[in-house]
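The following pair of complexes shares a single chain, subunit A, combined with subunit B in the former and subunit C in the latter.
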Partner chain A sequence: MEPENTPLATWLTRFQIHLLRLSRQNKDRWAGKMFLGMTTLPLVLVIVMFVALLIRAWPILQAKPLWALLTGQTWRPLRGEFGLYPFIMGTLWVTAVAMALAVPPCLLSAIYLAEYARPLTRTIVKPLLDLLAGIPSVVYGVWGVVAIVPWVKDFLAPTFDKYLGFIPFFAVDNPTGFGILAGGIVLAVMVAPFVIAITYEVVRSVPDGLREASLAVGATRWQTIKYAVLPQTLPGIIAGIVLGSSRALGETMAVLMVVGNVARVPSSIFDPAYPLTALIANNYGEMLSIPLYDSALLLAALMLLGMEMVFNGISTLILHRFTGREIA
Partner chain B sequence: MKRRHIEESIFKALMIGSSGLVVGSLGLILLTVIAKGAPALNLAMFTQTPKGGYYLGKEGGILNAIVGSLYLAGGGTALALLLSLPMALYLGSYVRRRSRWASIVRLALDVLWGIPSIVYGAFGFTIMAALGIRASLLGGILVLALLELPIMTRAMDEIIRMMPSELEQAALALGATRLETTLHIVTRQTLPGLTTAILLAFGRGIGDAASVLFTAGYTDRIPTSLFQPAASLPLAVFFQLGTPFPEVQQRGYAAALVLTVLILFVSFGSRWLSARLGRYAIR
Partner chain C sequence: MKIHSRFTTVVLASLLLLTFVNACGRVPAEGTKSTIAVSGAWALYPMMVRWAEEYQKSNPSVLIDVSAGGAGKGIADTLSGAADIGMVSRDLSAEEVAQGAFGVAVTKDAVFPMINAKNPVLDELLSRGVSRDALIGIYITGQVTTWSQVINNPAVNAEIHVYTRSDAAGAAEMWAKYLGGNKQEDLLGIGVYGDPGILEAVIKDPSGIGFNNLNYAFDASTGQPVAGAMELPIDINGNGQVDPEEKLDTKAKAIEAIATGRYPSPPARALFLVTKGKPTGPVRDLIVWILTEGQQYVDEAGYIQLPKEQLQAELQKVR
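Right after this comes the complex of A and B.
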């Protein structure tokens, strides 16, 4: 085989000779420029994503006022009604329930790991949390369907119905178990590793001098945490919670599998919901012949992107102050 | 016992309880998946593609999804690596510590990291439709590469920044250029961390369903070209669980177990590998 025969090989050989001719300094300079050029990619990608979704969502924004889309209650694509309100509420309800369930135990475990735990405990728990963060969303969904939904159906719903059913927030009108609470529990476990990791970093960033000063004047360890450490870290902890919520907002498959997918504005944690992510996953890619349908779905995607960018931007800026480096 | 000591022990108990709860959930998830999936596992799952009537409970396996997932995640990871390694090296060792450009790039990467995978999927499908590409292995690989890019770059970036700068300075003092220092010293020193970053991104890619839902499609055959649709394990789980037949649902559980074991394997594999490669680093 003579590699010179193909034009590509000839070109490659020439290119190699050209590279060899470059001095070491020039190679360095060119590589530096190329690397610098490549680092524009993330920023370009964020902008392109935003613009592409905006362009595709534009037809529906032209056809209907944004306010009507955001507050519209009915979703009937065949009749040209694209009310996103039930889906926005679905997303907010599921996220809120998930965060309400996740935040207290996450903060407590993060503080425990940062302040009390022995190094051995930390080296055991850290990989387990990484593992929890690495489990695919679909597997969480399977867990939700197999374990959480029946638990909600057979235990939580009857219990709440018996003792707290008179409060509308806990009213049980949905006997299937698929609903906001099931979605919230699954999501809470999913965001836990994130919230714990960030809170842990933030708490660890408090200088030891503060703790020593507090302990030296006779405070207990919990008092030290309560009065010396936590006030320092509050903005960072809030940023961590915000980041966790943005994770929860965007979660798709696991939520889709357990949340019931009924396009109605929920009023109780046992009601089914239909979050924006599930709306896109269930409908995009099919039936795109209906006018404005794909445009409406991409508006939903654009909204998710916008929410995520705001949440992420704010929390990153806050976190940056704490650790001197950004936490993803 | 004083009140504050009682408060201390109450909160300590709560903290230990919470940690137990979080770790316990992990155990519970793994137990559930094993208990549900193990009975449905058999050799045919790994060696056969779905046969006729598979989705009604007939013969067949999920080889198409296993191979498809490996293709998709493998291709996506390779592509993401090509882009993220130079970026991470640039951010980590070319620019000054307090560079404004580097913080902008990191912020953009963090924003990208947080973008929901369903948005990546919708965006990818939009672009593919504009270019006239149909749901295919290629589309799935491209979208997974975008999804993995920020994860891999940020993980590599953190690792490279943790490297002591004395080593670089020594190389530079000997007359090596920046490029030579980066390629010969930085990459070798941080090899364990870089491997972890690559496998982390691979794990994220292989487990993601929402991004490949529209872009890679689903098929019962093993793709033989980049332009054919490809099945994936997460979607195999999702679709089989969605059928009304218990036999098929059983296989969905089995597919979930296969996926989980694969993820555990990647996770432990990366720890083992990075410990092994760590022997070549100077400490």
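Right after this comes the complex of A and C.
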């Protein structure tokens, strides 16, 4: 019970004394090193996670060719069939629908808040949006089950079926309401605060001089936004959309509760889907008793990590192209 | 100068904190509560909460933390050490036992097929019941897709909306076992998370069919079916109609059917508490209490007591 006697405590005490004796230059060097260390930590973490997942996923990669796993359409772990294709497609479908629903209104509202809104409106709306970002995802899930799923079932699905049902993309084969559209709507609301917040900040960061110059030559407000402000902010807006998509890609609980969880490749926004995140969350507990199951689930996790990486990689490339310089 | 001194202060403060934490880690946990973490099946969750309440009344030094997340999670948490006790609503597999899972049967319940109270053919369903073959057609082969096929009346045209559990669940496992010895992954239908979730889906969908554990199928306080949903009677003896003893429209009748063995098993089944290896210390005390004094709360919590001999056998296993 005497801390002074433990080796670590002794070492720490010595270290403290040592630190007090350091010169200013040494302290500066130390600080720099510490900051560098803390900065590299996340990078190291990503690599460690990647390697750990790869090691755990290795058994299934040995048992089956990777290509067969990625393109296999049947998921029957008990019969040794581990096709991940429906789950990959499920993730992409839900994310795409969510972003398609979220991006246009988010951009408009961010531009409104940044350019048109009075300060009072801003001070009221901004905290509300931040609040939206802080709501736990399970609450969104419950809201989805209670409100969105019935709405899709009783209103959207019949309406689309009647007028657009001949297009396969809108065909209603699943009248329960649980499906990609319900998941997409819930996700769209969840990512909205992020997209709006980033777009807002980016638009606000454009110097007022630009606006004044544009307005001075007789441009209207909209013309100013369109020709002076937006071109400056495009990379930042793309960054905001990418961040929102990453969040949509990785969201689990809210999606899982409304998306239907059927391991089949969807062909319509009303079909049920089974995203990778839901696969892992639903089954991680049950993996113990089935050979290779655990490994297959960790492969799914690895793929999710890979997808996020590819996604961010592509977006960085786009940004790079656009501006011809590095974007932080 | 100021920046540097502040920097030193911050570093020193964090180091001192480290020293302190280091020292604290060595203090033995004296006089603190011992916490028992319980995780797993939705089926056993309401019962376990009741047991935890009663046990903590007489043993204030024990803190019991109960969370529900499905039988699979219960076993995984227990074997990984994240929970002390797992609640499991299905039989343990050989692999799980090989990894050290030690199961004790504590009570019994069953899984029931559920339909919406506004089902388009409700009256026919309640008078004729549903055969096991029809359920297999709905849930396994997918050959039964309309309610008219279930009641053999082509005049009615109403699709069946099939719901199953998305999470690894004992209820789904037992339901699949009943329907021709299958596994959860063989069940068709839209996957919904959790016992309350699948019930909610059926309540919201007049053409829906789902399955629930006893305590979600019936309202806990009244013993009547949960508002908006009904137990779909199974035509157990296959005579084409629902006999009085097959009609399980209240919780009391359902409990009696399970206790007397009239309701088939599966989907009736024993519920287990699982520990990693033979339980010791406070965990063992709790399980022993559940098998003895705790049994008095089983009826009022809406579960079915195991036969006396089996309780004795389970007690022997733990002691």
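Here are some notes:
Here is the rule we go by: the second predicted complex is superposed on the first by the 264 of 328 C-alpha atoms of A that agree within 3 Å, B and C clash if a C-alpha of one lies under 4 Å from a C-alpha of the other, contacts with A are read in each partner's own complex, and residues count from 1 in each chain.
Here is the rule we go by: contacts are C-beta pairs under 8 Å (C-beta built on N, C-alpha and C of every residue); 3 or more make two chains touch, one makes a residue touch a chain.
Note that the structure is a prediction, hence the values are computed from the model and not measured.
Residue contacts after overlaying the shared chain place A:V206 against neither subunit B nor subunit C.
Contacts of A:W75 after superposition: subunit C is touched, whereas subunit B is not reached. Contacts of A:I88 after superposition: neither subunit B nor subunit C is touched. Between subunit B and subunit C, it is B that contacts the larger number of residues in subunit A. Applying the stated contact rule after C-alpha superposition, one finds that A:Q25 touches subunit B and leaves subunit C untouched.
In the superposition on chain A, contact of A:F15 is made with subunit C only, not with subunit B. In the superposed pair of complexes, A:V145 makes contact with subunit B and with subunit C alike.
By the touch criterion defined above, A:P136 reaches subunit B but does not reach subunit C.
In the overlay built on the shared chain, the residue A:Y284 is in contact with subunit B and with subunit C.
Judged by the touch definition given at the top, the superposed model places A:V103 against neither subunit B nor subunit C. On subunit A, the patch touched by subunit B and the patch touched by subunit C overlap at residues 24, 27, 31, 141, 145-146, 257, 281, 284-285. Subunit A meets subunit C in the complex at residues 1, 3, 6, 8-9, 12-13, 15-16, 19-20, 24, 27, 31, 75-78, 141, 145-146, 149-150, 153, 174-178, 256-257, 260-262, 272, 274, 278, 281-290. Every residue of subunit C that touches subunit A in the complex is listed here, in rising order: 4, 7-8, 11-12, 15-16, 18-20, 22-23, 26-27, 69-77, 79, 93-96, 99, 159, 161, 163, 166-168, 183-186, 189-193, 197, 200-201, 204-205, 207-208. By the touch criterion given at the top, residues 24-25, 27-28, 31-32, 34-36, 38-39, 41-43, 45-46, 49, 52-53, 56, 104-106, 108-109, 111-113, 116-117, 125, 127-132, 134-143, 145-147, 189, 192, 196, 220-223, 243, 246-247, 249-253, 257, 277, 280-281, 284-285, 297-298, 301, 304-305, 308-309, 311-313, 316, 320, 325-326, 328 of subunit A touch subunit B in their complex. Touching subunit A in their complex are the following residues of subunit B: 4-5, 7-8, 11-12, 14-19, 21-23, 25-26, 28-29, 32-33, 36, 83, 86-87, 89-91, 94, 101-119, 121-123, 125-127, 135, 146, 149-151, 153-154, 158, 161, 177-180, 200, 203-204, 206-210, 213-214, 234-235, 237-238, 241, 252-253, 256, 259-260, 263-264, 266-267, 271.
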